[in-house]
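Below are two complexes that have chain A in common, paired first with chain B and then with chain C.
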Partner chain A sequence: MELADKAVGFLLSAISLSIFTYYTLWIIILPFVESDHFIHRYFLPQEYAILIPVFAGAALLSFLSMFVGWWSIK
Partner chain B sequence: MKHVLKIMALLVAISAFWIGLLETSVVPRSYAWLLPIYLIVSLGCYGLLMVGIGLMLFPTCPQEAVLLQKDIAEAKEFLKNKGVDVGSD
Partner chain C sequence: MGKHEGKENKYSIIIPTYNERLNIAIIIYLVFKHLKGVDFEVIVVDDGSPDGTQDVVKQLQQVYGEDRVLLRARPRKLGLGTAYYHGLKHASGEFVVIMDADLSHHPKYLPSFIRKQKETGANIITGTRYVRNGGVHGWNLMRKLTSRGANVLAQTLLWPGVSDLTGSFRLYKRSVLEDVISSCVSKGYVFQMEMIVRASRKGYHIEEVPITFVDRVYGSSKLGGSEIVEYLKGLVYLLFTT
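Entry: the complex of A and B
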């Protein structure tokens, strides 16, 4: 059972580290790179760098409030 | 009440710092605009990382688990002999 826990913990940390590096590269480093470098092909346009976190945050908040509402009606 | 005031004071200080950063152009403007969202995303990432690391490093103490099971069996025996209903296994 500890192996499953360790695997889940490792997966979580790997996901969080990759999200952090991708987002840091996207927002901070990419504007310094000239526009015909090949790395730009791996990153979406910069407007999505704002839309995706805002959308995810709004989805999380609505999910939480729906859950609280469902639980209080029960 | 005082804790809410402390949190609000912290938020006001952070937004004042951000607006000052925007106005005085110490960093390029596009960076200053994106800074709050970047900080929020990195904070969420940091929380997730701490949860993952805690899960990985959690100690399970297998010897204590065995001793606990023995204690439970012993207590159930004792209570059953005294006539208490100890429920299903």
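Entry: the complex of A and C
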């Protein structure tokens, strides 16, 4: 049972690290690479680098407010 | 810090109880087993348990002596913080240990608490689940994640200087506990957090000992949304008042 938990933990860490690496490459490295380099095909257009976190943050805030609101009233 | 006529330190162990008829004898047996050669007393603060906990304690007093096992009961459930305060009033030791009666805190760690305090001269020794040799047993993944997440959040907001904020297995110097407990107002486990954060803010020397917390075997303590919201409210309160 603990082994399964460790595996899940490891998976979560791996996913977080991947997302972090992808995002860092996207917004810090890519602007300095020529626009016809092949690497650009693996990344979405630049606007999404801002839009996705903003939407995720907004969704998180909404969820938190609803959670706190729901359980405060209950 | 000098010795008075070569007298060893006395430790008062405060155990608040409510319906712990099954566990109290085991816990007191384990305390006596692991603290051989140590001058101590156990103070049971029972909140009028309907299951006969106090009768069991009275029998234990016959076995171990009324000077070693003290029963300081209260008429009904009056809260954990006031239970500690009540026990503290009757404590005669220079050091006070607080621990749970439901066997989630194992008395086998008491000697390491005492040793660490002697080595470092700290004001407070707190058991922690979140360092190398510490941990929990009997929690599922969600519970562990919630606990970790809660601790990380508290660390980020409060910078308390300890790794385990909600733990309640601690050794205090008597004067320190008296000082800290009088300035705390919260209830439940936010009270535990408030105690350690206030102690940290007041500059007391706090050391940690890794412990393994064992979830109760009979009946799981559920963590619902209301508890989470209470915890968040407590965090915000501490953020603005400490």
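One rule holds in what follows: the second predicted complex is superposed on the first by the 74 of 74 C-alpha atoms of A that agree within 3 Å, B and C clash if a C-alpha of one lies under 4 Å from a C-alpha of the other, contacts with A are read in each partner's own complex, and residues count from 1 in each chain.
Here is the rule we use: a residue touches a chain if its C-beta (ideal position, glycine included) is under 8 Å from a C-beta of that chain, and two chains touch if they have at least 3 such contacts.
Keep in mind the model is a prediction, meaning the values are calculated, not measured.
Touch criterion met: A:F10 reaches chain B, while chain C stays clear of it. Looking at the shared chain after the overlay, A:E34 reaches neither chain B nor chain C. With both structures placed on the common chain, the touch criterion links A:W71 to chain C but leaves chain B unconnected.
Contacts of A:Y23 after superposition on the shared chain: chain B is touched, whereas chain C is not. Applying the stated contact rule after C-alpha superposition, one finds that A:V54 touches chain B and leaves chain C untouched.
When chain B and chain C are set side by side, the one touching more residues of chain A is B. Note: residues 5, 8 of chain A belong to the chain B contact set and to the chain C contact set alike, using the contact criterion stated above. Taken in their complex, chain B has these residues touching chain A: 28, 30-31, 34, 37-38, 40-42, 45-46, 48-49, 51-58, 60. Residues of chain A touching chain B in their complex: 1-2, 5-6, 8-17, 19-20, 23-24, 27-28, 31, 49-50, 53-54, 57.
Contacts from chain C toward chain A in the complex involve residues 141, 144, 224-226, 228-229, 232. Residues 4-5, 8, 67-68, 70-72, 74 of chain A are the ones that touch chain C when the two sit in their complex.
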